[in-house]
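Next come the structures, one after another.
There are two complexes below, and they share subunit A, which is joined by subunit B in the first and by subunit C in the second.
== the complex of A and B ==
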């Protein structure tokens, strides 16, 4: 616990409470909380450890390993479990707010777990006053357009944008929109999903940054067209298109996504255990060779905006 | 959410007997640790017994409430409920001789503010005490982790105020013929307020306390909600559940009735006594 003027950070309190609340097959489970004793050797600062059930893989690690191949049925299984997890947390009024492949874990038996609730928080459907959550959440490459435009009264749909990015990544094997700044990210989004206009997104002009940022005009929506180079399944393309809807009100929710034909047509979702058993060593992203080297315009710079780097707050598996 | 909560799993007890046993244990543990050199007679004289500890703890429950009610900026009501629950849970396993409630009370409120997302800075917080603000801030920050640890990091508290709100909404929509619902609010909230100074919240589900509150004041208004409860509220559950609920509501009423009013003057004497024997050097380092 260093330099915490206000004591135990409120974000860490939230993470603990949220993890204690969530009990679901597709959400990582918190086993225990430990702390080191404050002694003269650590300058009377204790360190906190959150102890989780162990998961052998994370999705970023698996995707960066060219030997790991997902069949269409296996991709369906990944996405089905991911959406199941999201459906569960959203029904418990929790927003994840940091969807990305590195925060999606898989056990060796192929059970997917949403992890890293470090930025998560409870939400409410505001009746009178609009919510004023921070929009400085979600790793840039997975950040939905409404957050980039300054929306603070957002909801579960922000996580479904991330789910869309991750779904596409199951085929492309690297993040589909790797912006270097918020402006650049919006540009990449417009190039894929079409220009952000009042016509396709009623009310977007009320967002704080809509007029302040330069938004590319005249872009056509090319989600299906561009992703079809990687994704041949028509249902997959259709679901991707619905997850990557610019207007959060039109974006598909977890429940409807789970009912999408993608999951109910052949090949049906297929257990991942068999495929993963061929890759017995852990494939965490941080163990894998750095991926996408050279793709990133400002190489090396971490496109992350963690508002509160809780140094003292360790996770143990 | 309550059925899957840490509150039900870890902090809901069978009754006052079990609670008293835990409190006696906490008291004995302290006495045995620090009272080894005393003979039995002087030990009993020197240390507080459980009944005395209870009086002191209850006194600080009022201190906590008064602090919250006077807090600037105005604090949402459920922060008080959460802080009160922390205080009660803390002293189930700790003696007031070991950790002075004067410190723990403010730490409970500070932590409850954060957990309930009532965002005040530590400076704003201590602006609510009259003097020694810096010391208070330092004390709170140094005790916060201890408190969290003693609460086993179970920080989510389910209080009766939200279920009460739910009941009001339910009655208004499903029994529009019951007209006086809003009149009941004062009385019901008053009942809940009194329940904060009893063990009820360590024994019963918050929804049961809320229902007991509603029923107790509805009968005072000569309003009969029995048919609402029997036909609308618990229509799906079986007879046994119904009996259980009725019994629990009776028990809640009984606890409220039998909890003695506290003689706060007497507590002052006890506190002076406890102050004389605090052993700062021997307090466990946290």
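== the complex of A and C ==
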């Protein structure tokens, strides 16, 4: 992605700037930046480390452990904090662009933190000329249909799709749409959310790949029917339906989602501290036994892109 | 480059030389690198090659353009190393709040109060914008808050054109007190005199 000889990677600069800007209870906070000494042992390439506050668990790890049980009130608390975090970063004009369960951290006191701003960037509502952001962002299973169809002028709604996938995962306990290729992912989306057509998504035919890809036709929308097997709460199903809207313009935003009846009916959102206090060991995804095939090791030490001959970057949570 | 990336580049430059004595570093190298880094930070992407060539051309007007030779690659390597050094010298604090957005808001507010005829005749916005840009030749941006600089620049621009904000003599508050808290006339005058000093510097050299 980055040109090797273009100096300090712009993605790292973006991440640092964004993390310095964002100060919120539901966003992970950057404590310090360190680097190793350049010595002959690392061929004079020093490594940079971003040091974050410590969070005991990540959501993917917790969900893959059958001993961890979330009550309805606790699920509401998770989603409420997640949407609060998203509302905050979106009102600061930042897109996360990598929403997934492994990037949602929880402290032992039950405070949720959005993490991994490695793909994040600032956005603006374009007037006149459309934005041309890259559409090669977001882990495939959480990638919204507009990105899969080649949209480059997107906005905060891409993060809300991911929030919908994560919300469903709170009940299903594994990612709901595990596509193997971009084409396959679109197929899975059509099977759950119905066929992608001009009628339900006006303007979709302007997207670059809409006419080039073969999309399943005649599929009915089955979000509520399919998820009913896991989710009994009517309000939860309704919110899921609104988060997983195909048309990004019709998808619910973080503010309206927080005002949804789901969060304001009994059982009310419940603090997570008590439930998590039963689990004293950290549960990161990478420590948990693999819960599915083709799992990618994320969460722990994660080497970032190594574009520069003079340094490379790693991330430690 | 646009106004804000240029302002960032100047801020980086001044911050760097606030920490290090100008004799220890080549100001031209720092200037070039500041431009490059600011373009990255403000998402106005410039290619390293272009920066090197344009800067070389500016510094050596009478010499032919730079060849893609050893000298070029050396400069490139220098720039990349220097960029890292600057980032570290600034302790990774590479986000800046500039007076531009405040100035824009203040201009809008004051414009609504002005006489339409005056508005048409006098280019207050252009003058204010130019003064703000020129202020970056010195380190005014490090000494005062962006809100205060914006008010002072606007005050200065109005003064230059001899424009009075209506009701100034009868109003309970001065117009600049309404725009931002904790500003005083003394402070406005300090900033303006700092900016005038910059213009004098230009004349002297």
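Following the convention adopted for this analysis, the second predicted complex is superposed on the first by the 293 of 317 C-alpha atoms of A that agree within 3 Å, B and C clash if a C-alpha of one lies under 4 Å from a C-alpha of the other, contacts with A are read in each partner's own complex, and residues count from 1 in each chain.
By definition in this document, contacts are C-beta pairs under 8 Å (C-beta built on N, C-alpha and C of every residue); 3 or more make two chains touch, one makes a residue touch a chain.
All figures in this text were calculated on a predicted structure; none of them were measured in a lab.
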- Here subunit A is shared; do subunit B and subunit C fit on it together or clash? clash
- Message: Output check: A:199 vs subunit B and subunit C. Expected answer is one of first, second, both, neither. What do you get?
- Response: neither
- Message: Once chain A of both complexes is superposed, is A:266 in touch with subunit B (first), subunit C (second), both, or neither?
- Response: neither
- Message: So in the superposed three-chain picture, is A:7 touching just subunit B, just subunit C, both, or none of them (first/second/both/neither)?
- Response: both
- Figure out whether A:38 sits in contact with subunit B (first) or subunit C (second), or with both, or with neither. first
- Query: Can A:92 be said to touch subunit B (first), subunit C (second), both, or neither?
  - Reply: first
- Task: Report for A:23: first if it touches subunit B alone, second if subunit C alone, otherwise both or neither.
- Result: first
- Task: Take the contacts of subunit A with subunit B and those with subunit C, and give the residues found in both.
- Result: 5-8, 10, 13, 16-17, 20-21, 33
- Message: Using the touch definition from the top, list the residues of subunit A that touch subunit B in their complex.
- Response: 1, 4-8, 10, 13, 16-17, 20-21, 23, 33, 35, 38, 46, 92
- Considering the complex alone, what residue numbers of subunit B touch subunit A? 1, 4-6, 110-111, 114-115, 117, 119, 121-122, 140-141, 144-145, 148-149, 153-156, 285-286
- Query: subunit C touches which residues of subunit A in the complex?
  - Reply: 5-8, 10, 13, 16-17, 20-21, 33, 121-122, 308, 310-311
- Message: Taking the touch rule as given, give the residues of subunit C at its contact with subunit A in the complex, in rising order.
- Response: 36-37, 40-41, 43, 45, 47-48, 76, 79-81, 83-84, 87, 92-95
